[in-house]
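First subunit A sits with subunit B, and in the next complex the same chain sits with subunit C.
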Partner chain A sequence: MNKKNNTKFTIIRAIAAMAIALLVAFLLVFLSSEGATLGERFNASIAAMREMLISPLFKKSGKFSTKNFSDVLAGTIPIMFTGLATCIMFAANQFNLGAEGGIMLGAFVTAVVAIYVPIPGPLLMIVAVLCGALAVAVIMLIPAVLKAKLGVSEMVNSLMLNYVIMYFLNFLMNSYLADTSKGITQTYPFRENAQIPQMIENGSRLSWGFVVGIIMVILCWFFMYRTRWGYGIRMTGINQPFVMYSGMNVALIVILAQVLGGFLAGMGGGIEMLGRYNVYNWSALPGYGWTGITVAILAGNNPIYVPFAAFFMSYLTRGCTLMSTNANVPSQLISIIQAVIFIFFAAQQFLAGYRQKLVVKSAQEELAAKAAAGERSDR
Partner chain B sequence: MSGEYAIQMKGITKVYPNGTVANQNVNLDVKKGEIHALMGENGAGKSTLMKMLFGLEQPTEGQILVNGEQVHLSSPTVAISKGIGMVHQHFMLVPSLTVAENMVLGMVPTKSGALIDFKKAVEITEEYSKKFNLEVDANAKVMDIPVGMKQKVEILKALVRGAKILILDEPTAVLTSQETTELFKELKNLKTQGYTLIFISHKLNEIMEITDRMTILRGGRSMGIYETKDVTPQEISRLMVGRDVVLKVEKDKAQPGAEVLKVRDVEYVNEWGKKMLDKVSLSVRRGEILGIAGVEGNGQKELVDMLFGFNRPNRGTIEVNGSNIIGLGQREIREKHISLVPEDRMLYGIAGTASIEENLISDRAGSKKLNNGILFNMGAIHKESEQLVKDYTVLCKNAQQAVGSLSGGNIQKVVVAREFSNDPVLIIADQPTRGIDVGATEFIRKKLVELSRSGIAVLLVSADLNEVMELSDSLIIMCGGRIAAYFEDTEDLSDELMGEYMLGIRQQSPEEIRRVCHE
Partner chain C sequence: MNIFTTDFFFSIIRIATPILLATLAAVVGEKGGVSNIGLEGIMMMSALFGSLTAYWTKSWFIGLLIAMLVGLLEALLMGFFAFKLKTDIILVGTAVNMIGSGGTIFLVKVITNATMDQSMTSTTSLITKALQIPSVNIPLIKDIPVLGKIISGHSILTYLAFLLVWLTIVLLYKTPLGLNIRSVGENPNAASSVGVSVAKVRYITIGIGGILAGLGGAYMSMYYAMGWSLDMVAGRGFIALAAQSMGGGEPVGSMLAALVFGFAQALGIKVSATGVDSNLVAPIPYIVTIISLVIFAINQRRKDQKRHAASALN
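Entry: the complex of A and B
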């Protein structure tokens, strides 16, 4: 199949997946809607869907809303990082699901540094985030080395690791770090100079971390497509025996991909912490890691598509929040919509019949062209 | 009329998901009780056509009639229920089970409703074995029986399941000439008992000997159905390849130089405790091609694995240019300028969805030449891959095309381009032209000769007798994990003689074999 048809197929498949997801969402909204008649409920559902799809960008008056838009952008920051992390790990065919615990640990370590380490000026900010990133990179050695050396499933290990991290951090918070003068479990506030400055002062908490995220996207793309290590990671993802036979160090690649993934997730946690909060008060896994998996799959494991996928997911989350505030629809719906999109994108065979038709058509066209060319040359 | 034909396939077209058109409007009629040959080069679409007849693939267009009744063969189970059986080229047997257990797989006889009745299984096996005059040892484990017997087990397996129509996919490919003769006797016997046989092959003499009619495929199309007695081998050859391909590779006499590969008294016991290599010693010198012939599974694979660091010998030494290579990883082995054209090119040779370019640089991605500091030097990479694509005439749109979308021959050219271009001192070519088209085969063979004449040591492992005879300067034959014979010269060797060494009927003396060490 030629490139044009392939692109066409990819786009049609993406649109179909979204259309089905939205249709399912609409049905659920309709079922949970209130109203005397079916018509009323239908109208209410339409209004709710409008709220979800349009309000993240526009005000009630129909004018573009900078505030809503910056809210959406702020929401992309953490999932951009977890998305990148997951991209790199999945590209090496390593189903490491540790970005979830990774972002929490990164946030925590960064917060601790930002509270207790007296470094002057903006240097503290950088050191704190790097400490968070490095801590997660080191933790990821656990599933990575176990996989590379002993063949233990990185999926199971990283998944369990998330909970180990969460409960361990909660233990540290409750036992040692909590500010006991406060009614809820939170740390003492960060040092002033640890806070990442905001891009817009409108309460969206859109920090310059967003720009760092975009820079990381570009760096990651260069790493994956323009360096020998990224090449090794991608080839390992496609065919591991081939990489071994070619003389590359498979074990090292397997470890590298997961450590880098950990680094990115940790960095995301740190930036989220210093850009959005002034104390650390997470007591449960934040969910950014799970969303990051969706982001990576939507982006086809290519870093360059991560910001778009992250924006899409953030937009959807924001839309659902607004819908639940303004239209009396449970916000949990977002999980279901996410799941439906996830299923349709992850399902390799989705629309495979249609793809086969395109392939057949394309092959027949080529044969016809060849036959025509043959006739011409015969004459 | 419908009573006359066992199989009718009408207007069959098959397009694979990767866009390959394997069959195009193919018709196939097979009369009841005949032996019908399906002929064609590798890649002509024979296997695809038969996979559709056995329900392993579904046709894109066209219909299939069995005994005049239109059928939809959605799976092998359906095909079997219609009386179609298939003997695969690569046997579908469970090695660790006995012959009888393999025979009854999926239709196990039981006693008291739950327990497997092993005795009954043996009885069934022996009954069928006698009835069809196909001699097998019902109690032997499949991994211990010779290839020829495995094939009989495969045939019996199909018969036990009630097959009246048997598809034999290149049944002689793994057999020695003696075993082939025996197989033909058995097939003729089946024919007289009213069975219909479809015989896939590209060996002309076999077809002439055993079949009644034939269908010839070329490039996915049918070239017609012929009575075997009405066509000459020359005509068949013309129909099959469209031109008279003479795969004679011109080569000067070898001028062997210094010893490059030195293998001495190597032994290897595999994970099930079976001795796969027994005191194997050989040398390959600069500028010569040493061929290894033998029926597959006689230690060739284990030897190659060992030379490329996938296995360690239990005993013995392996040296390349005087230094030990046992225990080295693939990277270190490649650093010694050893190249391998792997037997399984899809598993080891390529990363299918990656581009041709990415596949060409896999062994040199870290080299100074292709890197600018930490970044790839994309200019150098493009230049290198375009040069290789050109030098090795890889048929593609450009080097960015996915390698998996190429034909088998072009995929192998990509593998070969990479392996031959990294300044090797020793090339191990394991089945370098298996299953690829004539053009690519010719190209790769010529290249191997050219490289050897430029001073590279070549170890050629091939199950294709023609290939080893044609390319090798000298030749060893392996049988049961040992070297059975060494021939300094391949010119006066006959197939029959080789067959006897391959089968273990003959065995040279240790002194004669030791000559391969050139000491």
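Entry: the complex of A and C
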């Protein structure tokens, strides 16, 4: 199959997946809509869907809204990082689902450094985020090393770690770090110089962390597609025995992919914390890790597509939130839409991989036939 | 303070039941080569619809049946995506878990809003004592001094769960279907070459898992917690996967593993009753999971080495 047809096929499949998701969303909105007659409910659902799809960009009057747009961009920051993290881990065929706990731990460690460590100037910001990222990288050694050395499922271990991290952080908050003068469980405020400055001062909390995210996307792409280790990671995902027999250290690659994933997730947590909040007050897993998995699937595990996938997910999430405030539809609709898009995209991707194999196979057969013909004519 | 009272051992069985049911689902699944990580999500969905149906029909039994049906349907849908559309089954499971978490809260809000004119975020107010899955005292056994207090007086689902361990063994090792499930799990090509419909067997495998997980969900919302609430299954579906691999994929071993998790959790509850922060106690089952997986893997490795050494000498 030539490249043009291939692209066309991919785009059509993507649009079909989204269309199905929107159809499911519409049915659910219809079920939750209110109205005396079916027609009324139908109109109400159409209005709600329009709200969901259009309001993240436009005002009620139909004018483009910078505020809404920057809200969506701000929403991409954490899921860009968890998406990148998941990309790298999934590319190596490591189904590590620890980005969820990772982003929470990263946020927490960064917050603690930003509160208690007196470092002057913007250096504090950088040190705090790096500490968060490193902490998660170290934690990810647990599922990574256990997988590489003992063959224990990284998936189960990373899931278990998510819970352990959440409870342990809550324990630390309750027992040591909470600002007891406040009614809710939160830390003392971060130092002034730890706050990541905002790109636009309009309350969207779109910090310069967004730019850091884009830089990380480019770095990750370069790492995955232009370096030896990135190649090793991708090859491990495609054909692990090949990597082993060609003399690369598979165990090290398996560990590296997960540690890098942990680093990115932790970094995302830190940047989200210092860019959006001025105290740490998370008491439950934030859900960014799961959205990150969707982002990675939509991006086909290629870092360069992560910002677009993250934007798409952030857009839909924002749309659902706005819809829930203006129409009587619970915002959790997003998790169903997300799951439906996700599952169809993943299905399509496998088919694409399968087709690729068929193409390779037929090419090989062609080559073999040519070689056989060549031998005969030599005789 | 003596924590090892009869109450304590009673609570181990009570806590282990949903894990055991989900573990059996994982055991059957893995035997058939279907790694279902969506058990968590299936349990959430079944727990929700089980409790709602029980409330509507005023019958715990119909609630239980609906919970099983929902589990079955969700599992078959997973099968459709995994086997027909060739989505990676781990991703299908992840999607099911997403729906199990955020999707259920959406559904409960919408459904309660439509049927009761008020949007609820849990069904804990709907499940009364009368709708709870009944518990039974076993005659004769309940009169045995210590043992009676431990193993009598559980919900009927608990006894069903232990009965199901035996039924799973019978299914897997004594029936033609079980043979097919195992052969498809070990080598689908070989199975298909002797005329076994691999797709059909896989659907049956994942369907059985769905029903078992549905039972686990029903137990959670209609006996253990009396009503559905957000994320109430709290990782039990995942712990079941760990129990399955700790038990070496065999029903009895996995049952023992499930009981170990029940023990860990029961111990946690006991310890937190003494005033320790519950956040320090709640992660115990998860930590136990990781540690026990490691121990199991090391053991397995040692066994393999021994076997290799023995075969090298022959």
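Criterion: the second predicted complex is superposed on the first by the 347 of 379 C-alpha atoms of A that agree within 3 Å, B and C clash if a C-alpha of one lies under 4 Å from a C-alpha of the other, contacts with A are read in each partner's own complex, and residues count from 1 in each chain.
Going forward, a residue touches a chain if its C-beta (ideal position, glycine included) is under 8 Å from a C-beta of that chain, and two chains touch if they have at least 3 such contacts.
Fair warning: this is a prediction, and the values are worked out from it, not measured in the lab.
Contacts of A:Arg226 after superposition on the shared chain: subunit B is touched, whereas subunit C is not. Legend: residue contacts after superposition of the two complexes on their common chain; A:Ser246 is shown touching subunit B, with no touch to subunit C. Touching more residues of subunit A than its counterpart among subunit B and subunit C is C. In the superposed model, A:Leu146 lies in contact with subunit C only, and not with subunit B. In the superposition on chain A, contact of A:Asn202 is made with neither subunit B nor subunit C.
In the overlay built on the shared chain, the residue A:Leu31 is in contact with subunit C alone; subunit B does not reach it. Contacts of A:Ile343 after superposition: subunit C is touched, whereas subunit B is not reached.
By the document's definition of touching, of the two partners only subunit B reaches A:Ile238; subunit C does not.
Overlap of the subunit B and subunit C interfaces on subunit A comprises no residues.
Put simply, subunit A touches subunit B in their complex at residues 1, 222, 226-228, 231-232, 234-235, 238-239, 241-249, 352, 355-356, 359-360, 362-363, 367. Of all residues in subunit B, only 15-21, 24, 60, 308, 329-331, 333-335, 340, 342, 347-354, 358, 361-363, 365-366, 370-371, 374-376, 378 touch subunit A in the complex they form. For subunit A in complex with subunit C, the residues that touch the partner chain are 28, 31-32, 95, 97, 142, 146, 150-153, 155-157, 159-161, 163-164, 167-168, 170-171, 174-175, 287, 290, 293, 297, 328-330, 332-336, 338-340, 342-344, 346-347, 350-351, 354. Of all residues in subunit C, those touching subunit A in their complex are 37, 81, 85-88, 90-92, 94-99, 101-103, 105-106, 109-110, 113-114, 119, 234-235, 238-239, 241-242, 245, 277, 279-280, 282-283, 286-287, 289-290, 293-294, 297-298, 301.
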